[in-house]
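In what follows, subunit A forms one complex with subunit B and a second complex with subunit C.
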Partner chain A sequence: MSRKVIILGGGVAGMQAAIALNDLGTESILVEKEPELGGRVKNYDKIFPFFQSGKELVKDLEKRVRGAHLVEIKLGTTVTHVEGQPPHFQVRLDTGNYEISAGAIVVATGFEPFDASLQEEYGYGIYQNVITATELESLLDPEGPTNGELRRPSDGKIAQRIAIVFCVGSRNEKLGHNYCSRICCSFSTKQAIEIKKKYPDARIVCFYIDIRTYGRGFEEMYRQAQEAGVNYIRGRVAECGVLPNGDITIRVEDTFLGKPMQGVFDLVSLSHGMTPCLDAPKIATMLGIRLAEDGFFDCMDKELYANDATEDGIFLAGAAIGMKPIPDCIADSNAVAARVAAFFAKMPKETE
Partner chain B sequence: MLPQDEYMTRQTKIYNAEARENTWRRYIKEIPDDGYFLLPSCVLAVGYPGAEVMQPRLLDILDLDWNWNLKPEAMCTCCSGIAYHGDVSTIESTLLTTARLWSLAQEAGYETIAVSCVTSFGIHSECFDLYHEEPGLKQKMDKLLMEACGRKFELPRYIIHVSDVIYKHRLRLRDEFMTYQLVDKDSGRPLRGVDHVGCHYNKLFPLERSLGGGEYCEVLSGLVKAWAGKEIDYPERRHCCGMGFRQCMLTPNRGFTAACVNKKMVSMEPFEPDFILTNCPGCEVYLDKEQWAIKELNGKEYFIPVLTYMELAGLLLGWDPYDIVGIQFHTVPVEPLLDKIGIPYDESKAWLGKDGQTLSWIDEILRATPAAGAARMGETIS
Partner chain C sequence: MTIDSKPDWIKGIKSELDYGWRYHGNVLGILPDTSVILNESDTEIEEALADKGVKDSSSASCFQCGTCSAICPYTLVTTDRNGLSARRMLHEAQLGLTNFESEETWLCTTCGACVSQCPRGVEITDFMKDLRRIIVEYGAGYYPKSLRTAMSSIASLGNPFGEPLKKRATWVKTLNIKPFTKGMELLYFLGCFPAYDPRVRKVAQDIIGILKKVGVDFGILGSQESCCGESVRKAGNEELFRSLAHSNIHAFAENGVKKIITTSPHCYHTFKNEYPQFGVDLEVTHYTQYLAQLIKEGRLKFSKALNRKVTYHDPCYLGRHNGIYEEPREILRSIPGLELIEMPDSGQKSVCCGGGGGRIWLETKKEERLTNVRLEQAIETGANVLAVSCPYCLTNFEDSLLTVDREHGIQVKDIAELAWEAIPLS
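For the complex of A and B:
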């Protein structure tokens, strides 16, 4: 039996899983389809709730994973075929005509941002000054296309009136996404604070259904935003429109006042939810494991074995099993390393 | 600020027309090529007779198979939508009414119901869907229809709106029959069209029955673009005209209708539209008439011509604006639009009787019916 572990996905969850396995003395191969490690976090200038640098976090993890002597990294590589029963998996990659023996597989394939153009009433993709939270993150990045200045796409004007629409593509039965994406409230609140810090006179209005800032330090960050002057209005935005000068109109009901209202903004950011990674169905078929109703990978037992896939020897970490903030992804990866160690430990000696 | 002509019509830094095209294409619906059984509206021809009278003429030039049953003995009725939405009749009565109309179509050998009213479109669609939602409903209605009038019926294969038909044949109309295009004859500027799709066309069954979906419905803007005009998107594009049966039928609520139209006018005015295009009889009435009311109320004269898709087609086909299209029935004068396109007209022939007879009493009638005549005659009613 091989005690090597194949890890699918080189984002923060995948890297941490490799590091944790290395610490336990277990060999792993970290397979990442992109040419560099870091997944989506490598693009985040600041992460919530403590405004640390996402890029620095990735650099730190990468340094540690590259220094781990039991980890082999394969970039620009995809797993194409898996056969055999645990702990005798035979894994084929698209970069070599050979098979790798593996005792376990870790799926850490992350998420895909919701395609905001599918929530058509907001005109994303059509109205150029309606952008996503991911695009706003890029605008706020000093190394980004506007050198960190909040210049709107249509005319490069500094945006002073900013609307942030929460729950775009989340908690939406019509779109088939009933789940809460969990991180978007905090992600967008963090961005609102960043804008206020840079542009104290900016008027920022967040339109929300509920604010779900549940993690350690999250609620404090939400309070910080309100104290900085960010307005929160409870009401789901009905639609966006565009004016001849590129300004965006918003129609919404303030459900506390029980009144419809309209507003005009320079820029609208859609706090989009997340969906399972696009390859999830393909990977599930290849590994013979199930997806849950929400499209993320299903667990052996949602209470007791949340990091075990529906088949033995296959484990799940990070956003592959549903959205979660970075600290939870890291905790997931450590848990997975422990589950892999336990799995190997209970293998009968004759199988080795 | 960009020049007006650049709004909404190509990919700009404000508006991505290509993305808008990709959005509506998510919702393509099947419109049969031929074989339409027409069910007229109960109000369209009252307010704008040309809009409905032109239907047979237009389908005939396209050499399409169509029929309707207007024989008095057939008793082709209204869909009873006004009663249904006004809460004065039951759903069973409405189901019975539509079942009877479907039986008339089937008797004539047609599987496609083509209605010219958007309320009717919603009513027929809702009834059709109910048969798929409620087990046993068909058997119940079979029995009731037989008891009521001795008829049998089956569910039609298609329920469409006549604007779907015109959309289906829009390019053929343009290429083979149209004399004019939606272009300013002097400057060559494409004319800017605001579409106003009736709520019961694209909001009741936005995914299944609205061509282009609920948000970026294409059934009218597709005509504007096909006929060389430019589509205008504006913030209150999807806002209801305010008709609503509870408003238009109850006098104390009528201010709501004017307010809704005013809201739309305020929103669309900065985009300088040349005309408004509708596919709903109610929207046509209220967008047209309330512009006069708004002028009376606050002095603001928008006077953006409002046309049905059928009237627009008729004008571009070169049909007589008064004798066939019937623009004299509009409150907001359509003649300025004709001037832009270069369509000739003779205002002295606007109100002729049968066989070109002069009607001596017409001025008196126009003066006595403010909404129909005041704006046209440039007068304010005191």
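For the complex of A and C:
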């Protein structure tokens, strides 16, 4: 049998899985559909909660994965066909007319940001100054389109009044996303602090349903934001409107005061949640594994085998099994490496 | 809640030690105890709430985000924190602490703006209806007097205006149209308003005029017609609603009615979405849908130009509740010379006139009238006609026209009136 592992996805989870497998002496092929490694994280100037550089993190992982002698990297490549029973998978790629024998497959295909225009009441795509958190991220990036200046799209004015709307596309039955995307409270709070650091006089209001800063260092970051003067109002924004000068009005109830409110902002950032990667259904069919009700890949057992897919020999890491912060993705990948090693160890020793 | 209303076991153990501010072990003072008992709530209320599903089904999944109370049209006229707050009422119901004495239970117009956006899919208008039902059926809590009067008038006379039943028949006679008989294509269900309200009567007359002009084979039920019961049900009087429904369904069956058009979106909604629960299967259309269909088929043509700027107000029960946004506009667009302008809040975002949910029978404080806000919006567009397609909207807007204190040349007209005007007399 082959003891080679095919890893789908070259983001942080996929790269770390390859590195961890390499450390265990296992060969792998890292397949990434984009022409470069790093997935979503390579675009983030700062990551929460410690304000480190996402770009640097990706560079570091990339250096290590490229230096790993048991890892073969295939960029601009997708897996097109998989057949055979574990541990005898035959895998075909779209870049070569040959089959690869693999003993196990790791799915680390990540996520897709929720399409904020589907939550029509916020007017994303119609009102220029309603942007997504991903767009805010690039506005705050010194290497981004505005060189890190918070210039709003309509007239290039530096935004002084900023509303950050949490839970956009998450926790919403109407949109079929009943789940919490888990990282939005934290990355939004991180963004609020960044704005406050650069523009101390900016007025920033975060509108939330519940604050879920549950990870190590997250709550401290929330406190840091409050102490920096970021306002948090408990109420879900009901709708946005636009004024002739491009300012955005919002309607919300401050549920602690029991008072309906209206506010005018220069810029509104929608902290969109995440959906499974768009290819998830296709990949699931190709591999013969199940998706869970939320659309992310289902696990063999949600408590005991959270990194095992619903079929033997296929393993799951990172945001493919639900949204999580970067350290959790890395932990997933290490767990997956251990699960792959255990899977191979259980196999009868045969002559290869 | 005061201490006297608390259960004995709490009163019994009340002492300085139990209810004091303490500082380093010393009692500094006794607190006036106004707290609410969570674990000993009124079992009768709890049971009533559970019985009607208010506590368990309709409020249970609310997570208190406040979308409902922020989008509620009342925020346009008041931000009084003691005003209508669906969010707070849902939470009170979850805890079994509903205040049935509160006036806010009766403020909701069931316009459905909240329901259309609730991220947890809570059926808030059903919740309001169920709360009112508890008040009506258990005789507990505040039940507005004018609503009580309208309901008893509907019960005894079949109409909410307290007018004799005979009058319904008399006005119908003046119309000179055939009573509905078996085999006719269409029943025109007039509704209560045209029979007793001269302003809305004009609308019904114009609809009849158009139907006759086109040569539609239609009839009316005359005095066999009862109130559809829409506002009755929303006002919590389920029993009366059922008896009205049965009386109408009986009349439909007796006369072999298969296809109905209505003046009011409220009658339309009730026949279409609520009567089927009693096992009737009718083809129901609102008159705007019917006229749009006639236009499409080439049977109805407008040849007289109306050189007016018109803005259209979507009624809640046509728009949000039933998704009918296009047909009324199609009628307006096919009138030559007519320019249709939209208000910023149109379609799904339309602002309620304040007449739904039984509110039409209740007095609304002058400063809390939603039509005043809406009329301002209409005037802002520069339109000279505000078009409506619901008797409640028409009535409320006509009222507001009398109170608006700025220069304007706006008129309120039903779409049927505009359509009739665009047909030349021959």
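By our rule, the second predicted complex is superposed on the first by the 349 of 352 C-alpha atoms of A that agree within 3 Å, B and C clash if a C-alpha of one lies under 4 Å from a C-alpha of the other, contacts with A are read in each partner's own complex, and residues count from 1 in each chain.
As a convention for this text, a contact is a pair of C-beta atoms (placed from the backbone, for glycine too) under 8 Å apart; a residue touches a chain by one contact, two chains touch by 3 or more.
Only a predicted model underlies this, so the values are computations on that prediction, with no experimental measurement involved.
Steric overlap between subunit B and subunit C is present once the structures are superposed on subunit A. With both structures placed on the common chain, the touch criterion links A:121 to subunit B and to subunit C. Contacts of A:69 after superposition on the shared chain: neither subunit B nor subunit C is touched. Once the two complexes are laid over each other on the shared chain, residue contacts for A:129 go to subunit B alone; subunit C is not touched.
Put subunit B and subunit C next to each other and count what each touches on subunit A; the higher total goes to C.
By the touch criterion defined above, A:153 reaches subunit B but does not reach subunit C.
When both complexes are overlaid on chain A, the residue A:346 reaches neither subunit B nor subunit C. After overlaying the two complexes on the shared chain, residue contacts for A:253 are found with subunit C alone; subunit B is out of touch. In the superposition on chain A, A:241 makes contact with both subunit B and subunit C. Overlap of the subunit B and subunit C contact sets on subunit A: residues 121, 239, 241, 251. Chain contact summary for the complex, subunit A toward subunit C: residues 121, 167, 171-174, 209-210, 234-239, 241, 251-255, 257-262. Residues 117, 120-121, 125-129, 153-155, 239, 241-246, 249, 251 of subunit A touch subunit B in their complex. Subunit C meets subunit A in the complex at residues 63-72, 75, 79, 81, 85, 87-88, 117-121, 344, 349.
The touching residues of subunit B, counted against subunit A in their complex, run 1-2, 4, 7, 12-16, 19-20, 22-23, 213-216, 233-238, 267, 270-271.
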